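Chains here go by letter, A, B, C and D, matching the order in which they are written, and residues are numbered from 1 within each.
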């Protein structure tokens, strides 16, 4: 039946095993891509004609910002599956996403501020992207806070899952309202992200970093998922068998 | 079973026929009535958020300067920040007592739609906190240097915006049920979701004070209220069910 | 090399950005591995506790 | 007219790591009752709550009139009453107001009916006082009045005799007997055996 893969995904021992086998296949390409991207971004790419070498921050800022959104979406998707089908593994995946997403959102904020100082002359500019990023950071904090606040694990899973789903509905509304607000109070100079003349040597390292970060996320998620699954299933017999053999 | 059955059976009502069941609307009306009655038995709970709102608007002239031009400039922000915080303060009372004494449990088991019953509760909460806030906001605006011609716009903005604040707040209040010392967490969950209301509300107030057209931000506030009305009670009902599990 | 490290005068912004991001990556990797090791340890300890 | 039946099949509930209920099964037809006994932590409350649909059961089924209750939880709720440890009463409302809102939420109830029910359970003298001023036993009696007024086919009662004196415990027994006599069903988690009446009602003993 077409649904068997879905049911197998719901089985913790299966997921534990498969995640363990898959994670190196994502981890090593991620390492190679990120190292290549770093070399390409720092050495091969020519300086931007307007921003000079300062533009090289894009190679860490853009992938971090991409991660912050992608991880949140993944988390909300897993949470929704967990809510609807009461799938424990999905809740474990959502729980595994949060710290990864929060830490990369933090990186996106810091690199954004570091980029802002030479470009805008100030570390913090209330530009819509950075502001949305900051709000996203608070959404992550709220999610983790709620999860930590509820003692009963099942209830914590379901309540935080609901919050993640509510959050994902709200993210576009928040982003839209922040953009709208920014268009009213816009400062004269806004970040000029190398729109003109992005050469291939500039673009390729960026693509490598974006793909590398994505693969890294999958690898991290798989490892964390295994940990979450083990913790949740610590009293069932398969966990012992999996570890002692 | 026992010999006394025949005589006592006459005293208890027969098992109820479906036809005498309360309609969904009737049940919602009763829930609303009960919450209003309860609030009027405890008026101090109503006054506190209002006093808080008045205090915050008083703080700004003292902290900044009593100079009217300066105050007029910050008035929209002050007004909406104060309104947001005051409505947040009132949120803690929304479900807490009902969760404590088993009312929510009975609502969830009543065979009525929990979403509808919670909508009635949120409506009561808005009547008790949002409406007084709406009545007070023009006064606060006057004290911050708004001209009387700006008051209708401000009144309309707070009227519509406070509906959405109550609705959004209900989700956070329901999610944090059963958590001790949930105050800070409740703000962390609710404030990011409430940002669009703050942005559009402050913009409407600003336009009203400068004599501009307030229709566009009011429409956006209205759209948020409609969206909140359709989605927030559903999410709150799901959160209440989770808290009862 | 000196020129490379100087980053056209942007060294004070470029290098901290890279350090922070790579730091976040490294922390995430350590974090993930440690959480798995901890979970395994917990299960082993339980199994040992029940066997004895 | 006999109601039900209520059938519980292979019900299992985990709480985190703890397996609280393991494969519970029984069947109760209209006019029958069931006493749930067992030490603290045996899962009496969990069983009642998962039958009511509050607590999620990972495994097993609850059927009402032959239909899995999860298929239409609201219809099942419309014919069942659950009474938890604490009477679901608002301290700031009077006994009469409490019943008006609690029972009124489900069915239209006349003021005369409210008075009669409060009299039946012996709290008519304090019907107009805020529940806050009532003793724990009196509150329990008000809740019992509400239970009878709901007039539903299925009763799920968690420790209905808590805080009640001998006379009150007898009243609980009598009310349950009436519920059964009119074809209804009653499940009651009990710590102490009910005095008098219900000796014929079967018992389900839950192990710790």
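Just so it is clear, contacts are C-beta pairs under 8 Å (C-beta built on N, C-alpha and C of every residue); 3 or more make two chains touch, one makes a residue touch a chain.
Note that the coordinates shown come from a computational prediction; the quantities given were computed from them, not determined experimentally.
**Q** In how few steps can one go from subunit A to subunit C if every step must land on a touching chain?
**A** So the least number of steps between the two chains is 1.
**Q** Any idea which chain sits dead centre by C-alpha averages?
**A** Chain B is the most central one.
**Q** Would you mind checking which chain's C-alpha centre is most distant from the centre of subunit B?
**A** Checked the centroid distances; the maximum from subunit B is C.
**Q** Identify the chain pair with more contacting C-beta pairs: B-D or A-D.
**A** Of the two interfaces, B-D and A-D, more C-beta pairs touch across B-D.
**Q** In angstrom, rounded to a whole number, how far apart do the mean CA points of subunit B and subunit D lie?
**A** Going by mean C-alpha positions, subunit B sits 33 Å from subunit D.
**Q** Measuring centre to centre with CA averages, how many angstrom lie between subunit A and subunit D?
**A** For subunit A versus subunit D, the centre distance works out to 48 Å.
**Q** Could you give the separation in Å between the centres of subunit B and subunit C, each centre being the mean of its C-alpha atoms?
**A** Those two chain centres are 44 Å apart.
**Q** Quick check: how many Å separate the C-alpha centres of subunit C and subunit D?
**A** 55
**Q** Tell me, which residues of subunit D touch at least two other chains?
**A** Residues 56 of subunit D touch two or more partner chains.
**Q** Give me the residue numbers in subunit C that touch at least two other chains, ranges are fine.
**A** Residue numbers touching two or more other chains: none in subunit C.
**Q** Hey, what residues on subunit A touch two or more of the other chains?
**A** Answer for subunit A, listing residues that touch two or more other chains: 152, 154, 234-235.
**Q** By the document's touch rule, what are all the touching chain pairs in this structure?
**A** Final set of chain pairs in contact is A-B, A-C, A-D, B-D.
**Q** Of all residues in subunit A, which touch subunit B in the complex?
**A** Within the complex, subunit A touches subunit B at residues 83, 135, 138-139, 141-142, 145-146, 149-150, 152, 154-155, 158-159, 162-163, 165-167, 169-170, 173-174, 176-178, 180-181, 184.
**Q** Contact residues on subunit D for subunit B in the complex?
**A** 3, 52-56, 74-82, 84, 86-93, 97, 101-102, 104-108, 113, 116, 120, 148-153, 174-175, 177-184, 196-198, 200-201
**Q** Can you list the subunit B residues touching subunit A in their complex?
**A** Going by the criterion above, the answer is residues 171, 175-176, 178-179, 182, 185, 188-189, 191-193, 195-196, 199-200, 203, 220, 224, 227, 231, 235, 238-239, 242-243, 245.
**Q** Can you tell me which positions in subunit A touch subunit D when the two form their complex?
**A** 86, 152-154, 234-235
**Q** Subunit D touches which residues of subunit B in the complex?
**A** 1-2, 4-5, 8-9, 11-16, 18, 20-22, 26-27, 30-31, 33-34, 37-38, 41-42, 97, 101-103, 105-113, 117, 244-245
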